[in-house]
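Across the two complexes that follow, chain A remains constant while its partner is chain B and subsequently chain C.
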Partner chain A sequence: MKKNNVIKWTFLLAAIGVLTLPAQALAGEVYKLGLSLAITGPTSDAGNPYSKGVEDYFNFVNDTKMLGDDKIECTIRDDQYKNDITKRNFEDFLDQGIVFYLNYSTGSTLALKNDFEEEQIPVLPASFHAGNLVDSNYIFLPIASYSAQMIGLTEYVSKNHKGGKPKVAMFIHPSAFGRGPVEDVKKAVAAGLDVEIVEVVEHGKDLDNTAMLKRLSSKGVQYVLSHTVQSPVATMLKDASSLGLVATSFGEEGKITFLGAHYTGGNDLVALAGDSAENFYWTTSYIVTSEPGEGTDLQLALAKKYNRDEKAANSHNYANGMMVAQVATEVIRRAKSKGKEITKETLYEELLGMNGDNAFSPKTTVGDVTFSETDHAGVDTLQLYVVKNSTFMSEGSPFVPEYTDKIK
Partner chain B sequence: MSSNRWLATGNYFTSYTEEQRVFATSLDRTVMCVFLCILFAWPLFFNVGNKYMLVIDNILVAVIAVIGLNLVTGFAGLISIGHAAFVGIGAYTVASFCRVLGDSHLVITHCWPLLIVLAGFMGALFGAIVGLPALRLKHLYLAIATLSFQMIFQWTINFMDFFDQGQTISVGRVFWVTGKVARKEHYLFWYYVILVVIVIVSFGVRNLLRTRYGRCLVAVRDNDRAADAMGMHPGLIKVYAFGLAGFCAGVAGALHAYLYRGVGFDSFTLHHSINYLAMAIVGGLGTLQGAFWGPLAIRVLDLQVERLSEWVGSHLTAATNLTTALRPLSFGLVIVLFLMFEPRGIANWWRIVRSYVKLWPFRY
Partner chain C sequence: MSYFFQLVVSGIVVGSIYALSALGFVLIYKSSRVLNIAHGQIIAAGAFITYALTVWVGIPIYLSFGMSMIATFFLAMSVERIFLRRLIGEPIISVIMVTIGLMSILDGLIYLTPFGTENFSFPPYLPTTPITIGGVSISWTQLVGVIITFSMIAGFSWFFKKSTIGISMRAVSDDQMASMAIGISVPRVFGLAWAMAGLSAAAAGGIIGNITGLNFDTLHAFGIVVFPVVILGGLDSIQGAVVAGIIMGLIQQFASGYLDGNWGLNGTGEVMPYIILLIILLFKPHGLFGIHEIERV
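Our next item is the complex of A and B:
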């Protein structure tokens, strides 16, 4: 009886082995990636759709076998916008053996810069802070830096303002993220950009900006350039609207025209500020869903496929997350097609080679992604949008700010 | 005291000297020695990933900070809600050297033990300065004074260009007798360094509490007028308590700076001060063991809640608000529950377990 049992079990195990071994042999490679970002806590209004964009795109890659039998496994961790937790998550990802890292905030990108250098791992953060690239070889910005965005907006003001030198104020987030572009805009002004910076305001957690707006108005400020997240901008726009200070057309005399960089705009701003968001000028390198195209179709289809709500589906931060996932997938695909082993080193090489004829068009942006030894900013082109009837509409053609090169 | 120092039970002492022993019995001393050996030896046998080594190191840094907070709040009875700022003073002492000399200067990379001690003294100096209002203020009013220091600290760091307006100031890799401490051994190296510091600080505090300089803290806490009548100077003792707390916090801050290889403003906010206070309460105010239990309990709870939030978030995609609320909710709940049902903290559970083991098989 005992002997029979042993034989039976031996056969059973052998059968399982025969059935599973070929399956294992046939299964493709799994490439591990990591993303640490603020899904909850400060700036989670941007981080939440961003994480969904990343998650959905990698699921899409795996479901549609874009990499054949190989799969991408991207672990997404919430760091609540705290650098200490980001560091812990990053160490965890390294323990898991990641070959590519997606980061989020400016603060943590700067804090982990040395670690990225030592680990020699390519990193795509959601932060477009130009300072990320200083003394760094492994950080790549997905799109034009905040500095480029703010300089682009300032150039637009300078070119389109009628009568005299335009007076502008900067409304910024009280952090490394917010302060980053201020010096660069000042450098551009010193280099000849014809505007006068009257005041730089670091907003706190104010629920009322009336006094600030009155002060700016009394100083003759006609343009407010914002570089922060949506909610403080919405508060400011609502207060300006109550005071009757919002310009109904660009540069309207006696009124203020509000403009903002990537994280100030998008559908969330319209949802928060309502009608007060009318005539808000916004720049980013992403194509928004109100301007349909190949990229936005993919974005909406992806969101639908993975049961995302309307808000996430139409968020430019969802597109933002999708785009970094697209770039990561593309470098893996390219390395694989060349028969290279997928490692940190080969992916880094592929990123550096992403230029000229090898530039990558993710379709979710207004320009191609180009990286090289000397250029670590992906999409250099920006698009200006303006809110008309509660919808962001394109204003003019995509452009590249002139003064970004002049101040280098 | 029993004549057999291995089998002593109860609290029968025949002299003050006996009562003031660091270890009541030889068994206690042996257990402590074995425990320390285990603490020093386990990393040689178990390979823990960098993530968990970082978590462990982080807990140990918090232990040093909470030992300091326990001195001022637990033993001296002075509430401080600016403790993270003192930790920040220590960290920014190291960061200041990095800013002036460069993050890989010899002073940073080779003289790090001196810098850690210096950071402790800077913490002590600021602690004593902040303690000055304690000459006139008590209770809630003193709490507000320490809170204001926290605010001043945050404001200063956040706006001064010298401190890079709160952005991370990087700290170079240190050297040991074997050469540069490489990335792969970084967390293990700092584990041993922090452990050694904990052992020194703990024995220091334990011994301090056996002396009149330590007992005067308790005397002032229990009744400062009576202490005054006994010839002590309550005001000076309060300032001295803040100085001691500041020293421990400063050392913890410097260790934090070296451990994370950078100093950023967001590690020393009011939220962190509240966290340290919670650790002291949960661990057990006025006990040395409490300073070990508190950080361990709060950090482990934090990790578990984080894991739970992640799990809830992945299964209920619409429950983001719930996951956002889980952390502060659990954190607040733990403090309230401890205050209600075990105000003496985990240290009291430890005391109960110890006495049970000591008296076993007798009940009392």
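Our next item is the complex of A and C:
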């Protein structure tokens, strides 16, 4: 009797196993990814829409079966812009078995650089700091570095300034993030870029920039290139506006033309500075929703599908998050189509092979994403925008800064 | 010379806003000897309430500014009633720790609203052309900010010197036991001090929000930025907060105007106030107007 029971149970379990196997196979693979970023705390005005972009795009990938029956499971965790929490999140993600990691800040990317090397895991941060790439094999910048952006702006000033050598000042965040591009711009100037850097100003939590603006004006500074976040730029623009120092056209004599890199601009700047943001020049590799196109249509449709509000839908940081999710999905898709097992090693190989005919066009950027052994900066192309009637509008065509290569 | 006077005007503008922001610390410390670490969050809440009433509800900004002051008056009073009333008589460090917890709670609550992670600015309601006299400019926003600041400071000074409740509050600050013995309700005084601090915080938030735009990080940081002002003024002196605020504002502007960009110096406007603070505290450890209490054992 006992023996019969054992046989019965064995057959039953075997039958269950046989029946569930195809179901498991049909369910497909689950690829685990992790994103740690500031959804609350400092810079959460950028981190919040960024996380929504990542979340929505991966949901879109799963909902539309872009990877067939396989799914992407991306765990998104708030680190409040604190490096220790980022590290803890990253270690938890590793325990979960992630194959690709999305990071956020410059500070945490630099702090975890050795961990990324040890784990040999490909990483796409939201920080475009060129220093992320020094002594690193596994970090990839989604778009042109802050250095390239600032050099690009300086080149634009040099090419479009009327009169003698243009005098510029740099207005930067007091951190590794802010200081990063300063030396590179100075190197570009030393290599022949025809501008005079009069001063590099590290801002604080200033309520009033009158002293600084008057000082710069008295030294003949006509261009202020900013590399920081929107809030201090907004305060500076408001002060410059009330002092009557803002140029109404590029390079207007006796006035100051304000320009800035990726995190200084976008709709948040207009929200903070109001009318004082008029004629602010801004560069990024992303296409903004005020310039309709295939990528922005996709961005707005995605935001609508997942019930995001207008602010998130139109944020360039939503596009930013969406784009890193696009790149991660693309390398998984490519590895899968080649019949490779999806691991951090194979995804790393696919990233390195993303160049030439295999360059990837996410449509949300002004150029293609290209990576190789020697090039870890994704989109090299930049677009200049200028605020007209509270809207960022394209100024000229997309360009690649010339001096970025000259100073290597 | 107009450059010098421009720096003076800007220094006074910034300094008076520092003084108004510092006032909340002073009012609470003056009556209860507690440093409210969550003051920056109340400043931010005041600014956001003003914005919400103005833009979302459609109330004219002058009215919504006043209404937000009333709202934060009751908000701060409720905070005191719910969280701090039961800590009367407990060690001061426990109360300060509660205000740190309160800071986290308010942070969390604000992050639940769009104000936590989005940026806004007040609709323009003042002329955008600045007032310029002899090459010295001041924007209407700054001028209105200074007028409101000095009116409020004058009002609070009068209140503490002349009104019965104000004098009761000073008495509680001096000696809680003796105040209770003569029939002053110490809990009521504490509640009122918090409420008045809330009121001044909303005013400060509204003014700072008009100048910088509404960004939570920027606004709540002012709770910490004004700390040197509070210390320099002497923690419990309204007059001290005003003088220290203006000193700090002027030092910032002069350092930024005359030192930065010369001799390889940069960011002195941020550092100099702290250096001056340290030097002054070496000679006046209780701040410029702080009371040096002598205890007889």
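What we mean here is this: the second predicted complex is superposed on the first by the 385 of 408 C-alpha atoms of A that agree within 3 Å, B and C clash if a C-alpha of one lies under 4 Å from a C-alpha of the other, contacts with A are read in each partner's own complex, and residues count from 1 in each chain.
Definition applied: a contact is a pair of C-beta atoms (placed from the backbone, for glycine too) under 8 Å apart; a residue touches a chain by one contact, two chains touch by 3 or more.
As the structure is a prediction and not an experimental result, all values here were calculated from the model.
**Student:** Specify the outcome, clash or fit, for chain B and chain C once both structures are aligned onto chain A.
**Tutor:** Once both complexes are aligned on chain A, chain B and chain C clash.
**Student:** Does chain B (first) or chain C (second) touch A:K214, or do both, or does neither?
**Tutor:** second
**Student:** Of the partners chain B and chain C, which touch A:T40 in the superposed model: first, second, both, neither?
**Tutor:** So A:T40 meets both chain B and chain C here.
**Student:** Which partner chains sit in contact with A:S372 here, chain B, chain C, both or neither? Use first/second/both/neither.
**Tutor:** Neither: A:S372 stays clear of chain B and chain C.
**Student:** Which partner does A:S337 contact after superposing on A: first (chain B), second (chain C), both, neither?
**Tutor:** After superposing on A, A:S337 lies clear of both chain B and chain C.
**Student:** Once the two complexes are aligned on chain A, which partner has more residues of chain A within touching range, chain B or chain C?
**Tutor:** Counting residues of chain A touched by each partner, the higher count goes to C.
**Student:** According to the stated criteria, A:Q120 is in contact with first (chain B), second (chain C), both, or neither; which is it?
**Tutor:** Neither: A:Q120 stays clear of chain B and chain C.
**Student:** Of the partners chain B and chain C, which touch A:N48 in the superposed model: first, second, both, neither?
**Tutor:** Both: A:N48 reaches chain B and chain C.
**Student:** I'd like to check the shared interface: which positions of chain A are touched by both chain B and chain C across the two complexes?
**Tutor:** In chain A, positions 39-41, 44, 48, 174 sit in both the chain B and chain C interfaces.
**Student:** Within the complex, which stretch of chain B touches chain A?
**Tutor:** Per the stated touch rule, the residues are 49-51, 54-55, 58, 158, 165-168, 170, 183, 260-262, 264, 266-267, 306, 309-310, 313, 320, 323-324, 327.
**Student:** Would you mind writing out the residues of chain C in touch with chain A in their complex?
**Tutor:** Interface residues on chain C, with respect to chain A: 3, 6-7, 10, 13-14, 17-18, 107-108, 111, 114, 116-121, 124, 128, 130, 137-139, 141-142, 208, 211-218, 221-222, 225, 252-254, 256-257, 260-261, 266-267, 269-270.
**Student:** Per the contact definition, I'd like the list of chain A residues that touch chain B in the complex.
**Tutor:** Its residues touching chain B are 39-41, 44, 48, 77-78, 80, 82-84, 87-89, 91-92, 94-95, 107, 110-111, 113-115, 118-119, 174-176, 179.
**Student:** Quick check on the complex: what are the chain A residues that touch chain C?
**Tutor:** 39-45, 47-48, 174, 198-202, 204-208, 210-212, 214-216, 218-219, 230-231, 234-235, 238-239, 241-244, 268, 271-275, 311
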